[in-house]
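Below you'll find the structures, each written out as structure tokens.
Common to both upcoming complexes is chain A, partnered first by chain B, then by chain C.
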Partner chain A sequence: MSGGPVPRRYGLLGSCLALSLLVLVPLSLWIGRDGGGPHFGFGTSDILREIRVPRTLVGLFVGGTLGLCGAALQGLLRNPLAEPGILGVSSGAAFGAVVVYYFGFAASGSLLLGTGAVLGSLGALGLLYALAGRGIDLVRLILAGVGINALAAALTSLALNFAPSPYAALEILIWMFGTLENRSLAQLWLLLPLAVPGWMLVIAAARGLDALTLGEDVAGSLGFRVRRTLWLVIAGAALAVGATVAVCGVVAFVGLVVPHLLRPLVGYRPSCLLLPSFLAGAALTLAADIAIRLMPPGPELKLGVVTALIGAPFFLHMVLSSRQRTAE
Partner chain B sequence: MSLAATGLEVRYGTRVAVRKLDLKLEAGELVGLIGPNGAGKTSLLRALAGIPAPDARVRWQGRPLPELADIERARAIAYLPQAAQASWPLPVRELVALGRLPHRRFGERLTAADEAAIARALELAKLRDFADRPIDTLSGGERTRAHLARAFAVEAPALLVDEPTASLDPYHQLAVLGLLDEYRRQGRLVVAVLHDLNLALAHCTRLLLMSEGAIARDGEPKAVIDDAALAEHYRVNAFLAEHDGHRIAVPSRMLGRDD
Partner chain C sequence: MRSSRGRSPLRAAVTGAYLSLSVVAGLSLLAGVPARAQLPTVASINLCTDQLVLSVADPGQILSLSWLASDPEESMLAAEAARYPQNYGSAEEVIQVGADIILAGTLTSPFTRELLRRLGATVVEIEPETSLDDTYRNLLVVGAAIDRAAESGRLVARMRERADAIQARAPTPLRTAVIIRPGGFTIGRETLANDVLGLAGLQNDVAELDRWGSLSVEALLSARPEFVVITRYRMNDASLANAFFAHPALRRFSAQQKTLAIEARQVACGTPASLAAAEALLEQMAAL
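On to the complex of A and B.
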């Protein structure tokens, strides 16, 4: 008997997710949008190369990063409500990017912008850890996230207030909303050098996350250094989430919804959740972006707005059902 | 096979939990670590397991714990804390499989040897029929057995468990002690923190009575628990009797003031 039903389901799940991407990627290349609403067809090679391909790839990697980092943070904090957006990691990154942009250090798309975002998310995660501490309880964690979100939003608004031109203000707003509109290959080259090392750090923590399921003491007795796992996830999530925010702003709740839906399918093992969450996060983000392009004529919806509209009620539902569980 | 401590001390800030303690534990023993609340039992057990950090005054096979690689220590000494919990509702088999983590490298799947160890642990803990049940659907006694099976699955020569019988009914208390005894009979060392003196008297091959951070008595169960020990360290008078060759102790009266 080799491992019971979980590994079989794991393989099946992976194939299904890969298959959905095989459908979504060509769709995303095929469906375009302009002022007159959606239009279909692959368009000219220029359109394909300069607009559709970058948008699709950025969407894939951003969604995958958010799914992966959500799953890793939930494993680290042993809490299904942990998510880069809710914990304030994304808004910290947005603030970091805005500071760099605002002070004129960088045009959008430069690596310095990414560095600012990564430092912002690192700062947010450090603050979160200092505020919520270990033995993480739900209320403290969420409150710390609320506090960090509020602080980052206030500071970003401050920058917005003093923005030198309406154009700069608009650019800052876009980071807060999150969008895949007008992404070019430059953004992809900003995303990948930061996100790929981030993914690797997070994946290197996989076994440590499994051990942490049994608490820090048992993880230690199983030969894991809890601090190492902690820093791998924090540094990895800060790098990867910071990079996604630098290229397309805050896209919230993908990292919450995706791991939550997949967890029962992988036997609740944190390590088995990482790659499926990457694939499903990519698929969900791409699907949302395709849906946005299919909307009737008018101003294009922002991706972050759409994910928040879907994710926030989901989050509330999770909070309510976790309260019921603790009340029982 | 031996787990030993020399001059071991555990401090929390200025408070000394374990003071200058010498100890040698051998394979084939089921050692009951007993003593009143706050005597330092859990602190000693954790230090022996290398938690929170390996202490050079604890030695495994004569080697100080910090000299062992993390994975080597993990394979040698298994540890189960009091009221062990899992953060996610893992199926029992997945929970038990976590005990094989020290035997696998990054990215390695469970080998046939791992599968066999998991099956043995499930068998030993009498959990075969529960293997696919999520841990949060089990009763308290079953859950304790599942966590014990996780610790068994490490197949370490030494197993340290903290109050495995707390909050279990008498039937499950006996069942847990029975499991620990079977693990010992495979030529391994088991150390269990116990509060129930009668369980300790009936099942352990050796008792360590701790009091105020030191080992007050060490030896055969009957030699450790008597009127004088109960009065001095537990501050109670007890009714002592013999049954089936075992001593029974029923505390009857507090001695001195309760402070």
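On to the complex of A and C.
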């Protein structure tokens, strides 16, 4: 399957995104933050190696994962409002991490926090499979995602209710907002072994996603195994998004905004959207994290809060413009 | 030839290092006492460990405290804390302070603690205080960690004496009471606040909670405890939590009961001020 010519602007878009990363990465290594607000310079080799480099790399890969998975899920569900959160993967992972935190295992090392998050996302995936069954009914899949989200949110609130002290509850809440603050190489080594196979699975579904734009029935009659595409994307997204929640909490809206902005530029082809979304997700997340470090003195803003502040008005704009389109 | 020429500067450097090391060792042997008196420096990234270290450290030891420590609504030692540089708990700024020891709570972000350890810092983790005994233990742990064991031992001995004196003045048998926090929360049995009330002769188990949670108005009305203890927190800030105190049912209830008040920050972290809360309760009970 050749899938037709690659859109004209694809190469240009890729170069622009790569160029923006070439600017953002050194900036992220160069900008630090302490009690007096931002300060500039690469710092000592320890600070660069153990603090700035891990923070930059985790930001890149987390943002990239969210962009990639958002693009794949929007292609799969043929719904521009889809994002990793919609299938309950993020909230399942968040619940898994909160349980680990609540039972006090987190004190013995943040790797356990990560394991809890990945188990949570896999649990959400298992539940999704049980609810949506072997079918390929996408409406049922979205409904199952809504149900899993509600369940995970309720269970997380339950865990908060039983938190041993107001301070523990506060720590849990803060952690769930999503942040790159104080992440180290240990978090990078937790993220990559889970996220990379996740990316592979999602990318393996690329051609199936193109076929799905014709509708499930046509794609099936063309000889595409639609169910295989479905589970490749879901398993890949669960693994990769679970890993991102494990290392930095829930970072909202990146997976929604990025593919939506890029779609017209790649000629509305889901397979051509995957790589640019990865790069743009990485760039957006890194830019947001740099902006956080540039804020005036005070406690750091949370990355998830900043991305939500960017993403929520964007989401509302999408809802409005879709209403106008129906009215026309 | 080449290799020996290459090696000799290295050898000279090694010999030089040995020499300077032995000179330093000899000097410190001669200096003896001043070297011993060099106390380890300390930075703290948690409100409760801030106050523990302020209570036992030599002022010269403290290099940095968390920003909450100098907030008078949060901290009992805000004025003292304001004399030191603040941190916001980011590993990058804390590591640059260069303290020998970093104090953190066991509930401080695990990512921060891990990153600080990766950077080679000595991180001492302190459990939150859930009783006066925890407070004594933590003061001794912090004292031992920063070479101020004698000072922390004396402070704890003074606190124990002060607690005994409070207990001697406290009413027997225990009088019933309930803690009401802004927002209708209450504090249960396994907490520092409960211990402080117990020391002042007040029994706080209306809510039948182990730790903390929402106050059941039904339980409150049926148990009718003799005293209502309010823990004040940011009372001048408009908030839904403080609006709770204006609730007519609660106002009617507390108008009938005897109301006592302590500061939330006195029992948020275990400090000598936690004993002051018990003394304040006794004085207010005597004045009623």
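Methods note: the second predicted complex is superposed on the first by the 264 of 328 C-alpha atoms of A that agree within 3 Å, B and C clash if a C-alpha of one lies under 4 Å from a C-alpha of the other, contacts with A are read in each partner's own complex, and residues count from 1 in each chain.
Just so we're on the same page, a contact is a pair of C-beta atoms (placed from the backbone, for glycine too) under 8 Å apart; a residue touches a chain by one contact, two chains touch by 3 or more.
Small disclaimer: the values here were computed from a predicted structure and weren't measured.
Once the two complexes are overlaid on the shared chain, A:50 sits against chain C while remaining clear of chain B.
Touch criterion met: A:300 reaches chain C, while chain B stays clear of it.
In the superposition on chain A, A:83 contacts neither chain B nor chain C.
With both structures placed on the common chain, the touch criterion links A:34 to chain C but leaves chain B unconnected.
Looking at the shared chain after the overlay, A:289 reaches neither chain B nor chain C.
Comparing the two interfaces of chain A, the one with chain B and the one with chain C have no residue in common.
Per the touch definition, chain C reaches chain A in the complex via residues 67, 85-93, 95-96, 105-112, 114-115, 118-120, 125, 128, 130, 211-213. Those residues of chain A whose C-beta lies close enough to touch chain B in the complex are 1-7, 78-79, 204, 206-207, 210-215, 217-218, 220-225, 263, 267-270.
Within the complex, the chain A residues that touch chain C are 32-35, 43, 46-47, 50-52, 106-107, 109-110, 113, 161, 164-168, 171, 174-175, 181-187, 297-300. Chain B contributes residues 46, 49-52, 69-71, 73-75, 77-81, 84-91, 93-94, 98-99, 101-102, 104, 106, 109-110, 115, 119, 131-132, 134, 150, 154 to its touches with chain A in the complex.
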